[in-house]
Every structure is written in structure tokens, then in C-alpha cells.
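For reference, chains read A, B, C and D in written order, and residue numbers begin at 1 within each chain.
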Amino acid sequence: MNTFGNMFRVTIFGESHGPAIGAVVDGTPAGTRIDLEAIQREMNRRAPGRAALSTPRQEADVPEILSGMGENGVATGAPITCVIRNHDARPQDYPSAFRPGHADWPAFVKYGGHADRRGGGRFSGRLTAGLVFAGAIAKTVLAARGIEVFGRIKSISNAYDNIEMCGENAASREELRRIAAKIFPAADNKENDFLDHIAWAKEENDSVGGVVEAVCFGVPAGAGEPFFSSMESRIASMVFSIPAIKGVEFGRGFEITTMRGREANDPLVLTESTITTRTNNNGGVLGGIANGMPVIVRAAIKPTSSISIPQQTIDPATGAETTLALGGRHDPCIAPRAVPVVEAGVAIAVLDLIMEGGLY
Amino acid sequence: MNTFGNMFRVTIFGESHGPAIGAVVDGTPAGTRIDLEAIQREMNRRAPGRAALSTPRQEADVPEILSGMGENGVATGAPITCVIRNHDARPQDYPSAFRPGHADWPAFVKYGGHADRRGGGRFSGRLTAGLVFAGAIAKTVLAARGIEVFGRIKSISNAYDNIEMCGENAASREELRRIAAKIFPAADNKENDFLDHIAWAKEENDSVGGVVEAVCFGVPAGAGEPFFSSMESRIASMVFSIPAIKGVEFGRGFEITTMRGREANDPLVLTESTITTRTNNNGGVLGGIANGMPVIVRAAIKPTSSISIPQQTIDPATGAETTLALGGRHDPCIAPRAVPVVEAGVAIAVLDLIMEGGLY
Amino acid sequence: MNTFGNMFRVTIFGESHGPAIGAVVDGTPAGTRIDLEAIQREMNRRAPGRAALSTPRQEADVPEILSGMGENGVATGAPITCVIRNHDARPQDYPSAFRPGHADWPAFVKYGGHADRRGGGRFSGRLTAGLVFAGAIAKTVLAARGIEVFGRIKSISNAYDNIEMCGENAASREELRRIAAKIFPAADNKENDFLDHIAWAKEENDSVGGVVEAVCFGVPAGAGEPFFSSMESRIASMVFSIPAIKGVEFGRGFEITTMRGREANDPLVLTESTITTRTNNNGGVLGGIANGMPVIVRAAIKPTSSISIPQQTIDPATGAETTLALGGRHDPCIAPRAVPVVEAGVAIAVLDLIMEGGLY
Amino acid sequence: MNTFGNMFRVTIFGESHGPAIGAVVDGTPAGTRIDLEAIQREMNRRAPGRAALSTPRQEADVPEILSGMGENGVATGAPITCVIRNHDARPQDYPSAFRPGHADWPAFVKYGGHADRRGGGRFSGRLTAGLVFAGAIAKTVLAARGIEVFGRIKSISNAYDNIEMCGENAASREELRRIAAKIFPAADNKENDFLDHIAWAKEENDSVGGVVEAVCFGVPAGAGEPFFSSMESRIASMVFSIPAIKGVEFGRGFEITTMRGREANDPLVLTESTITTRTNNNGGVLGGIANGMPVIVRAAIKPTSSISIPQQTIDPATGAETTLALGGRHDPCIAPRAVPVVEAGVAIAVLDLIMEGGLY
């Protein structure tokens, strides 16, 4: 349902145009220093209205913490609850007809017409603000063990960056940290290309998709369980919960199916008396278990469903086919804002598994 | 850990070269007729030594049912337990050095050297026989509601079939049923091409990967939950637990990132007074909820890790680098045998979610 | 951790003297009419400062609903979140020394000294306000199926009421409904006796315990699962989470150990062509499964730990033994306020199991 | 359903008169030495036909281990699966009419008549053999940390032993270890009294109940979580899953409701520079968290439901009322055989919580 995790457990709540959204974060080790500024930085990375081409919805997204943090700014061990008020709710912006590409129609079936359809309600990307909050807590806890996750835009439409993470000349942790911190988190030499694709889509009242890559450094070898709690199972389970994601892959991902075994198998080598692999085609996970190499995750983000071009659909008020051109101004590409969300998802899932494995 | 599902719950156990493997399947509705022949057919589809180019390990894989089935062949409502004995265990076939691409090294870290390394032990693909058993039960239960899942080899190396499931001229349920039932479950006009790729790899003592596509027909609209129990989250969580899978995608998957919104959004239409979508780029799932269209899942299977070509690795007995060429005869491509396993995973996850949603 | 339930799932949060407490309630069927007045009535039954001898802490306990309820007052299917602000927080009331009978000492070990100790922090009975909110939602959902739960004070100290629920002349649903609705929910002819015991304890700056009995009518036969999800397991698991409870029993409970089999076995009879039992010594549950008779639960509430009498303890500031007499005014008996909490716990657990069994 | 635990996870399966029963035990730390003789001793303590007055059903109850144990007798980290064959199954012994006090009737409703009714099927006490196996593993793991659990018969009918565990003169760990190891695990000076009660019931073709007390020594302070994962919640959840148990209490249990706060609060004292409590009225748990004192659990076992005295019931074959006198010879009191089962339940729940709290 709306709770994820066994040891580090996140419950999210809220609806796009209700009073508030938020999260309850259970399992933060007592004594963890909660850095409110770091949390706010993460919230801002996801918040709408920030980058040049983003949705114009304005939300400060300042979380109010209701529990779990002592007066000295330290986690008490109790669940950390945050509430983020919805200020810029505009229910009247939303149409009667089912929006193609959105959950309007299956939600209508599921909730018997009672679902809050304003802005996608429960299905809105706005809900991911709670995930980002929880992810910021997870990142703080992970950082104390030297574990960090950095995301970036890997591609927009058919433009891909050429940063290589699986081969012998993988980008460094420092380089990825720098890129992830950019307002538009993309490789320097691809930034303009990506922005062009987004601008072209926007001009046509259309939208465009992309791929987000997140790399998690420092995951201890041995984290994860065989089969149902594999690193891949748990990370994918979390990342697929983020709206608009249609694919998740690790290491070489789908590309590995075109390789031969002798290319795909990562040779084991001794690096300063530690066992590592020369390449990382398996993305840091073998048999579901972390092998100590960076965990490499990619997520496919579909083009924003909300577009102003007329589309064929059904209006439940009439039961008849109709066309619908969405009013309002929409984010022509959500990949940039999805970067901190995917990072948060990876951080939450990795921390949960590390704790479960007794490795924290 | 080794248990999956909330309402339809599967626990698998065993090690490749221990006495037996098996599964405990909880949640089968009392009164379900257990068709032992249908179960055996599914077991045979996965069993080694069946297709021309498969691993020569010979296992009858006849499940003994220890509980949950009455004398009349009907489910009693108690957990259905099956045990499959390991007959062709050859522990001496396995080397001391960590096999590249296998879980040997992270398992060594995780279990402090106590893991049963014979044949991959807990991490062996042999464990998937328990999944296939559980999947056969799930398929029986689903079939009573008109829900069926059919898998096939979508690609081997860089050869892809041209069966289209997301566009307007999708293959029919009947066509996919026919292909799935083949000994080598591939489109007729691609079968030889795929077999050639496998044969080439085998000749070179190498291996090759592929993509398996499973399509689930009849999933009721409204199944699945937003966010953490989305159809995609739960199916991916299950499918990623299958060894050797490095990517999972739904509908157009990663390809959707190169589409524009107006192409990717599936228009809603009335078909015989039912709401459907003209295309199925979203693979039957919107916002995590089934929309009534076929659920389309693809899984990337990496080339078999076990190859006879010498590879660089570490031997824990010496702590030093060494090279390793695996003896024994290995399956040069596991994609064909992965087809029934992916089907089983999809069936289990879908049934669990349908039950959880009160839709069974 | 802080989440209970599979299908009807409750997460509670907050600390006694933090900004707020609350609950996230997941699984309420879309379309359920949320009766805010009924919720407030339940909150008031538990709230401090209401009955003559209760704690003087004043809290309005008005829940603010942040999500899950549409503008028309109907559940949308999304999690229902409530926040209850702490207004009368007085952190300075609380001592440095570990309070005997409280969780201060084990919490100090568990959270390394970081726990919010003000007013018991996470361990405070105040947290049960979130449970009562969730229970009010559960009761609303259950009532639509004719299922109701009524609690009352069964005993205070060694004074017991003589209402019989397990024998042939059990009190009626109407009678129990009437008693449960009283400000002091006790049998009429025992009310004064119970109040006397509480007054005597209060005069001596001491406290006294009691037993709460909750009876759930209308539970459908077949609810519950064998073994780990038995009705008793799940209800007891929930009820034991309520602070100060040291025992839970069903039907005759511990008394049944002094009966013979021929007395304890409830004879099956036909009542208006329905199978019922003549007696209800098993409290409506056989083999973990509801048999259609009222489910009878009793919970032992220990005497309030906070008393003004000097007690021996340890002060972590000095590490030495000391004596502690708690300042402030304390509730000399929490059994009366525990009545709606136990009811809430039973309602939540029963609803969850009914949903899980597909019986809703 | 049939799986318990998060970190130490037990799945049980089987039916009384099916081919076999058993358990899958997940989470045993790799490297744990599995002492097959110790396991068999535990199995024998529970097995029928052992003590003078027990059921005459003869079952060797020798578990076959199918997975999780290496050739050197050490846990591999994989799930440990055991199968116990049913040899003395006599399906024809069982009647058509619903047996009063048994789950026959609610199981008939739940499983639509498909339940295996032979010998109680899924609801049989025989299933607890799997629990005892899992408990033996848990005990082995706990013993490595100095944690031990010892059970005994506290009472039969209205005869109680006078061993005091909650006051200042509690029995020692050694004394309880000695009693638990007896064939009839009862205080020496009560053994004959208890046996007399059982013999009297047996003579009259009747049965009698009793109370089992289990004491767990060495539980580290800080184990358990507030609210839903409290020590009491989790232990009670497990213990209530054992058939025939109608009450569970901790420390003084229901008796504490008749005490005053000044008596019930356990004073904190320094014992060899460790914080302990002088008395243990709270049974080692405060606010759901272990305080380092022995954890004291008592379970009420109802008189055996199967008796040869004619009882009123319904026969589903006719739908009419009838009388039923059970043939066969039945255990007139199951409390003695319940001792190792309750111990097992406590061991499993405690180990799971200790692991979850990162205290293992």
C-alpha cells in the first residue's frame, strides 16, 4: 500500500490538491543529526517552478517536522513525520474527461468514482515530495557510513550522454557528485542538447521523456538477500513506485543481452588488497547481493502525460468519446525533477536492505 | 528474504546440490482443482536437458506434494508444499575460485564462507523450479478468472522478433498462447535465427543473452495500488528475483523515453461499450493500476555466467588472482528456460495483487 | 515498528510533548462516509480531563484531516492522515531519574540517550489518540457490515462486575452498547464501587489497575487464519501494543484452565437455521477462526506507573540510586480511558483480518 | 498466514493426516552449528506417546533436513527446511459431525467444505512439531548469546505450583532449566498433584486444562519496539497461534490489576553496577521494550477438546443436531506437551525481535 521498507520504513500520504502531503519515516537511528538545510536543498531540487522549463506551479515545499526530532536537532528514534502544505492548489484546472496516459481511468474503476481526481489526487507526482524528504533522511544516515547516491539525466529523447559507468574508465564519485548538484543535473557537454529537446517539445505543446541514472557508491559487499529481497528487487520495487517510470535496469541493463558471457562477466581483481571487479557490467549486484562496486540504476521516464495537444479520450460524465486538450501549463519533461526522486528511492531501498542485513 | 506475496504467498527453499529444493504456496483458494499434469508440463518447460542446446544436467523435476491437496486433488486451503529432489548433484564439478559473474564472491562475504557453494548453492537457477511450481498453481487460479500469461523469447543477442504488442496491431492471445507452448518458445520466423546465435556462442565455449517478454491477458482494471504496491513495483520485484535478470520494463519500456507525449499517451476508446486504449504503450498499467489492457513485461537475461573460456578471478584458498575456465557443460543461453520462470513470476505477482485488491 | 495491519493499515506517530501526534490510516474503502462528529466522540472518550478522577492535562484532541477525505466528506481511497496538535505540553514537569514502571530505562538503552523523555515521549499513552482515530474509521467501516465492538470496565482492583458474556445468559448487544456509551463505561451497579477504588488510590497518591472487556458482535464466521494470523494472534498483537497492558485473554481466558472439557466445549446448536454455540467459552474463536459468536477480549491494565509516592530508582545524571516522587497530578487509574483504546484496537485488528480473508 | 517473523522467519506447513508436516526456517546466521541431537530432544519433548498419560498416537517425529545445512553440520545461511513424515495417520478415526471445541465448523465455513478435516487437518496440534523444530534452531542461535528459555507446567486445573518469578525471591535459571528438562516438566512437589488431576479427567473420558509458564533469561535491555512491535505484541502473537491457548500474560499478568502502583512498579537498583529491578512484576518488559530482567510469559491452555463423552453438535451431512462421542484415545491434558511448544514460540519471537533491533 503506501508503506515501504522493513527496517527503514517510509509511509507517504496526501493528495495533489488536498490540504497537505507528507511522510512518516520510521527507523532512523536515534542520535542521527537531522540537517534541515540539507533536507530543504533536496526538497528544492524536486520542487516545481525552479528550472527554466519546469512547470509553473509554485510550491515552497517547506516541510514541517511534527515528530521524531528532539529540540537539539537530533533524531529521537521515534518516527519522523513531515507535513508539506499545498498552497498553490487549483482544483478548477482539471477536466472531467479521463486524461490519456494518466491514472484517471483505472483510478475511477478502482475507487468507484470516489477518488480525488483534482490534479491526479493520490497519483500526482507531487506525492514524491514525501519520498524526497524520506530520501534526505536516508542519505544522511548513509553518509555516516560513506555511502552516497548521485543521479543525473542520462538521456532526453534520443540524446544520450557519454558518461560510462560500467566499463574500465568509469566516472569518479566526485564527478558525479558535481553533476548531481547542478540545477539541471546533466553532463556539461550535453546540457544544451537536452535543453533543446525539451524546448522543442514545449514549443509544440508536447512533452518528451528521458532516462535518469543513479549511482550509489560505498554499498558494502554482502548487502541484499538472494531472490525476493535481492538488491535489484527492492530497488526496482521502490523506483517503479515513482510515477511515469516504465523501465528499470542495473549495470549494462538491456544492453547486456547483446553481449557474450566473456564480455559481460566482470573479472575479479585485487585492488589494494580489496577484491573488486575490473568492469562493472553487473552494476554492483551479483545474485541479488552487492559486490562492493558502485550500484548503477537507470530508470526510463516517459514523456509527461499532460499535454495541450487535443487527444482522444472518454468523458465519464457522458460515457462518450471526446477530445481533450489540457489547459494550464505543464512540465514538458519531468526527467530533471525526477533525478532527486530516483536518488531518494535508491537511498531508501539501499538503507533498508543494509539495515536488514545487519550491515549498518 | 525467501517469501514473496501478501495474499498469495510463496516461500522457496533449497540449494542446488543439497537433498532437495521446493516451495510452500500459501493462499490458494480452497476448492481449486490442482492439475498435476499441468504442473508437470510447466516443470518440464523449465527443466534442464530438454531443448537441443540446453544444459545436459538431467533432472526429472517431479514435485512431490506434501500438503494442501486433498485426496480428491482439490486444494484444501492449507499451504501447498512441494519438494523436488536433487538427483544429478555433482558437487565435485565446482571450483575453488570465485566464478566471475556469479554470486560466489558476495555470498562469501555475506555468509562468512559458510555458504553452500556447490553449484551456486542458494543462488542457483535451479531454485527457480520452486517458482515454476508456485507459478503453475497461480496460473490455475488465474485461469478460472480468464487471466492468462504467455511468455516467449523476444530476442537473442541482437536478433529481435517483430511481434508488436504495444501498437494497434498487437498479436492475439491465441497467437501468443501457441508460441509459448513451443519447446523453443519463439516466433516461428525467428526460431532459427535465435538458435544460430546460441549455437555460435556454444561453439566458442561462450554464452549469449536475450530478452523474454511475458504478456498477461485479462488483468482486471483497478488491480494494483498507487506507489509502493504498483503493478510495476510488485511484478518487477518478483521478476528481478530471478537470477541473471538485469532489466525489467513495461509496455514500450526504455523506448518510450524517445517518444513524444502525443505518441506515448494511449487514446481511450470505446470497444463494445468497454473502455480500452487504442495503443498500449503503457503496457496495461497507468499510475501503478491496471487499466484492463494486456500487461506487457520484458526482462533482460544476461549471458550465462558459467563459460569454459579462461577468465580472471580470485581464489579464496590462496587470496591471489588466478584464471578459471569452468569445466562441465553449461547452458549457453538461459533465455529459453527463463521463459516459464518469468511467466511464473508474473502470474504470482499479478494473482497476489488481484487478491489484495479484493478483485478475486 | 509503528505500522499495523495488512489490508487496513495504521501508522501512528508523535511524541507526548512534541508538536503533534497523529495517524495515517490506509485501506479505508473509497466511498466510506467519514462522520467527523462520530470521530470526535471517540476522541473525547479517550481524552484526558473528562471524567471526575482523570488526569488534569487538558487537550482538545481535535484531529485535523490532511488527506484521504474528499470535499464531500467521503473517503477517496487514499490514506487518511490526521494530525492532533499537542497544546498542553509541559516538558518541565518531567524528572531526570528513570521513573519506575515506565519505559524510561529501557528506552535510554535502546536510543542511546537520544529518546525524547518528556512525558514518556514515544511511549506515552497520549499516542493512543492516533489509535482511537484509526479505530473510529475502522468502526465506521465495520458498522456498514453490522459489526460493532463495545468495551467497558470489567474490574477495578478486586471489584468485578457480574456481566456474563460466555455463558448461556450473555448480555445483549444493546445492553453493552448502552454501557460503552457512558462517560464512565461500567455496569450501573458497579460504577460507584469502581469509582471508590479509584478515589481511595488517589487519596493515597497511589494508583490502581483494572480489566477492560471488549465484545465484538457480528464478526463473520470464517474470519481469521490458522496459526500466525489467528484472530487471537492478531487482536492480541494489537491490544498488547497499548501501553500498560500485561495480559490478554479470550472467552473464559485463564479461567478455562480450571474447567473440564465437557464444560469448556461449546455445544453447537441450530438457531433459526444458523449454526451457533449454546455457550461461548471460546470467545467466538476456534482454531484461530471466528465461529460467528461474539468475540470476547479482556485486557489487564496495570496500575498507573506515575505516582507521587517516593520510589526507589536510578538517576542517569549521577548513575546512582535515588528516590523519586513524581510531581504533577496523575490519572490514578487509566482503565476508564483505556476502554475506547481497546475497542479501537479490536476494531482495527478485526477489520484488517476480515479484509484479508476477503470477507468484506 | 503461515509465516511468522521478519528477520528470523518461520513458515510451517502440513496437515495432520497428510503425507508430512514441516517448517522452513529463514534467517539462521550462517555458521551456526546445527546440533541434530539437540533438535531431536526438543522434538521428543513434544512428541505424542511419551509421557504416561499422553495420546497413544505414535510418531517418531524425526525431521529430515532438506536444505540450509552444509555437510559439516553448519548453517549455510539458506533457509533450513525440515520435513516430518506422518506415519500413524488414521483418517478413518474422524467423525462427520463437527467436533465441539474444535475448528471444524469455522473451517467448514472458511474453506467451503474443502478443508482436510482428518484429524483437524491444518488446525491440528500436530502442526506444532514444525514450530518446535524452528524453536530448536532459535534456541541454538540464542544460546550463543547466553539467552535461554525454560518452560514448565504452572498449573493443572486449580492446582498451581508455588514457584515465584516476579517477586524478590525468584527461582534461579538453573532451577528452571532442571525442571524444564524433566519428562513431566513440573515443580517436583507438584508433579503428583498435577498427574492426579490429569488421571481423574482421563478416568471420566474427560479432559483438563492448565497454564504453562516460560521464562526467558538473558534478553538484552532495549530489545523490542514501542507499540506494534512490542515484546508483548510479538510474543503474544506467536504464542496465541498455538492451538488451544486462550490467554497470554506477562509478569504478574491479570493479577497486577489488583495491585497498587507502589507495589506494581519495580524499583530500579544497581546490581554489580548493572541496572536491574528489585522485583519483576512487569515480566521483563516496560513500554514494550525489554529491560534486561527475565521475560516471564504465561499461556492458558484449555482442556483438550477431543473427549469421549457425548456432546451436542451438528452434522453437516444432515444439517441437523446430533450428539457425538469421539472414538479413539485422546490426550486428557495437552499442557505437558505444550511446554516445549510455548518455549519454541517464545524463542522464535524473541530472536526475531533481537535481530530486528540489531542486537544480535
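Everything that follows uses one rule, which is that a residue touches a chain if its C-beta (ideal position, glycine included) is under 8 Å from a C-beta of that chain, and two chains touch if they have at least 3 such contacts.
Bear in mind the structure is a predicted one, so any value in this text is a computation, not a measurement.
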By C-beta contact count, B-D versus B-C, the higher one is B-D
If chain centres are mean C-alpha positions, then the most distant from chain D is chain A
Per the C-alpha centroid definition, the whole-Å distance linking chain B and chain C comes out as 46
Per the C-alpha centroid definition, the whole-Å distance linking chain A and chain B comes out as 26
Between chain B and chain D, the Cα-mean centres are separated in Å by 39
Listed in rising order, chain D residues that touch 2 or more other chains are 1-3, 12, 78, 107, 110, 122, 226
So, in the complex, the side of chain A touching chain D is made of residues 6-7, 78, 226, 355-356, 358, 360
In the complex, chain D touches chain B at residues 1-3, 9, 11-15, 18-22, 24, 26-27, 30-31, 64-68, 70, 74-79, 81, 83, 107, 110-116, 121-122
Listed in rising order, the residues of chain C that touch chain D in the complex are 1-4, 12, 98, 100-103, 105-107, 109-110, 120, 122-123, 127, 155, 157-158, 201, 204, 206-211, 221-222, 224-230, 232-234, 236-238, 240-241, 243, 245-254, 256-270, 275, 277-278, 282-283, 286-292, 300-307, 309, 311-314, 320-321, 357
